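Please go over the structures that come below.
Next come two complexes, and both contain subunit A; in the first it sits with subunit B, in the second with subunit C.
Here is the complex of A and B:
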């Protein structure tokens, strides 16, 4: 999996849920203080990431706050 | 049999505990409606062998003990790897241990709670996530009328079934906005292995008190599963349907 593919999954999801800010960037907080994902939307994103990339950070016990942290999770997995 | 399910095409259906009894009746029903059906149980049965021969492309059996979360994960992963999604989850797997609670062993309490309740929660979590990603799906929990009425000697079993009813309502609220329905069926007394704890006199007494004049059959419940998982029934969610021939009506 590539970082671009993971970013596409997240951006497509935010677009579909109408929560993609015009100034979205990888360091933007995904929850209350930024994008505004609620808990159910976070669960959806978690499931989508697992569906498309085989694993996801949320199911591994971490709670990434930004797209950058999601990308870091997969990068760490790729190096392991 | 052929893949013939309506205009939406065959559904991918998981029926837990489908190797015998009520579960087998539900598996049979979804195979007959042309769907792709996966089931699991701790051991194979003649029915499972028959379905594998009869519909090798539309039937999947995975040995699993759903009281273990690892087995649930292996089962769901096998289904998704084979068919790519899950459209319908029927949480049927369950076990009953009868006896006065004051004499119940820790082991029997764990056996009933771990499979009936924790196994159902594990499966709903795993499959519900997949449904969330697709924003569609139907979940049916097979509860029991004893979760409402109680039955002497079935306190732990009754507790797990009442808990499933509560979970049904909660999950319907949680997933409703995503096009996923969650309902439960509370069967009355069926002529399956699960009623073997009742002697013939008890069964005849139940029949006498039942307006329908008979015990239930797996087909009676399978028909309601089909109704609750019809893609056109998206406005029906969060309900526990009592299917008991009028016994508790």
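Here is the complex of A and C:
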């Protein structure tokens, strides 16, 4: 998997759910005052990441705050 | 149960009892049953399991068991390792099977051939206690052994009228309680059982056409698959006189679809369960049960009540208890596990209590969502279930089989659109297009983590 493919999954999801801020960037917080994902939307994103990339950071016990942290999770997995 | 066969065999022995690749008449069925009864009694068998599924083998073995008061148990069509576990769990000392792959199991085994070939020498009196063991399908966990007695089971078909011209499709396995119900109904009516193998919708549709099936009873899931097969192969629509549905909550749109396809057929519903037996049928073509069943008299064979949103039943045709557990009051009230609402003059089924999806503490019924998804253009079949999730414990998930030629991405979007107005917790958070839907015992499996 590539970082671009993972980023596309996240951005497509945010676009579909009408949650993509116009100024979205990889360091933007995904929750609260950032993108504003709630718990169910986050659950949906985790399921989507698992479906498309075989695993997801949330199911591994971490709570990534940004797209950058999601990308880092997969990058770390690729190096392991 | 052998008395049902004997009654027809004595007056119309050459009538077709079972049609598979071959025909077994009532006279031949009785001869096999009596031979097997004599052979089992001669070997001192009081309990045995059956690992075969051909109707012409299983029926006479069940009839033989009922004649001598031996407890029979038909095992599911599973691999040797699974059957070995079941034989151990239910302490079965004897196995009747013609399967070569079961030769290594550590159990006393007899072939049907040696039992059916024995000289028949039994009386026509039946044993005072005539136990029968039915294994649950295990859709909500490990199978349990449900203890019945033939005298109580037969009470459920005592009002069946003779109908020698009816030809019933066997769409259930004979290890299932629903298969047993069809069997008893057919024998009580002196009708003919058409039993294709395997008992999948494709083979069922072929058997309907080839063997002129007039009556068919199956789960809503089976009927959905059969309608999909019918659409796919474009062949002739079988001329059914009666369609019966049971085993799962029945969506109203499916009833309409069946009526539109099988225009000559009467559509009825049965409500039955391994534990509480048969409760009769509803023939008004509407989903659910008439609320009038709640007003049945105290001495009715089957009475209903609703308690805290769940349907309860008191049945005089139901089980005696579970294998390995203390006996229950056979005529007492039992929770069915079916969640219902009273809607005007109707008891409407909302799903199984065990199917409820707990989304972050919010209870979601999968069935209404599944009905929405199934109605989406491009969806051939669908199941809604709870998918484990680290954030909320469980999320509502959809698996759908797309119709041929449908664009999977468009179908996924259409499913999401169809569910967009649902409450947040009930909205599907995982939508996948799959090649097939998981079923067990002809029913969609909705429990979490399948």
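General observations
We take it that the second predicted complex is superposed on the first by the 80 of 80 C-alpha atoms of A that agree within 3 Å, B and C clash if a C-alpha of one lies under 4 Å from a C-alpha of the other, contacts with A are read in each partner's own complex, and residues count from 1 in each chain.
Following the convention adopted for this analysis, a contact is a pair of C-beta atoms (placed from the backbone, for glycine too) under 8 Å apart; a residue touches a chain by one contact, two chains touch by 3 or more.
Computed from a prediction, not measured in an experiment: that's the story for all the values here.
When the two complexes are overlaid on subunit A, subunit B and subunit C occupy overlapping space and clash.
Residue contacts after overlaying the shared chain place A:22 against neither subunit B nor subunit C. Contacts of A:42 after superposition on the shared chain: subunit C is touched, whereas subunit B is not.
Of the two partner chains, subunit B and subunit C are each touched by A:51. Touch counts on subunit A: comparing subunit C and subunit B, the chain ahead is C. Comparing 57-65, 219-227 or 255-263 from subunit C against subunit B in the aligned model shows that the clashing stretch is 219-227.
In the superposition on the C-alpha atoms of chain A, the part of subunit A touched by subunit B in one complex and by subunit C in the other spans residues 40, 43-44, 46-48, 51. Partner subunit B is touched in their complex by these residues of subunit A: 40, 43-44, 46-48, 50-51. Per the touch definition, subunit A reaches subunit C in the complex via residues 16, 38-40, 42-44, 46-48, 51, 58-59, 61.
Across the interface of their complex, subunit A is touched by residues 129-130, 132-133, 135, 174, 177-178 of subunit B. Of all residues in subunit C, only 359-360, 387, 389-392, 395, 397, 416, 424-425, 427, 429-430, 432 touch subunit A in the complex they form.
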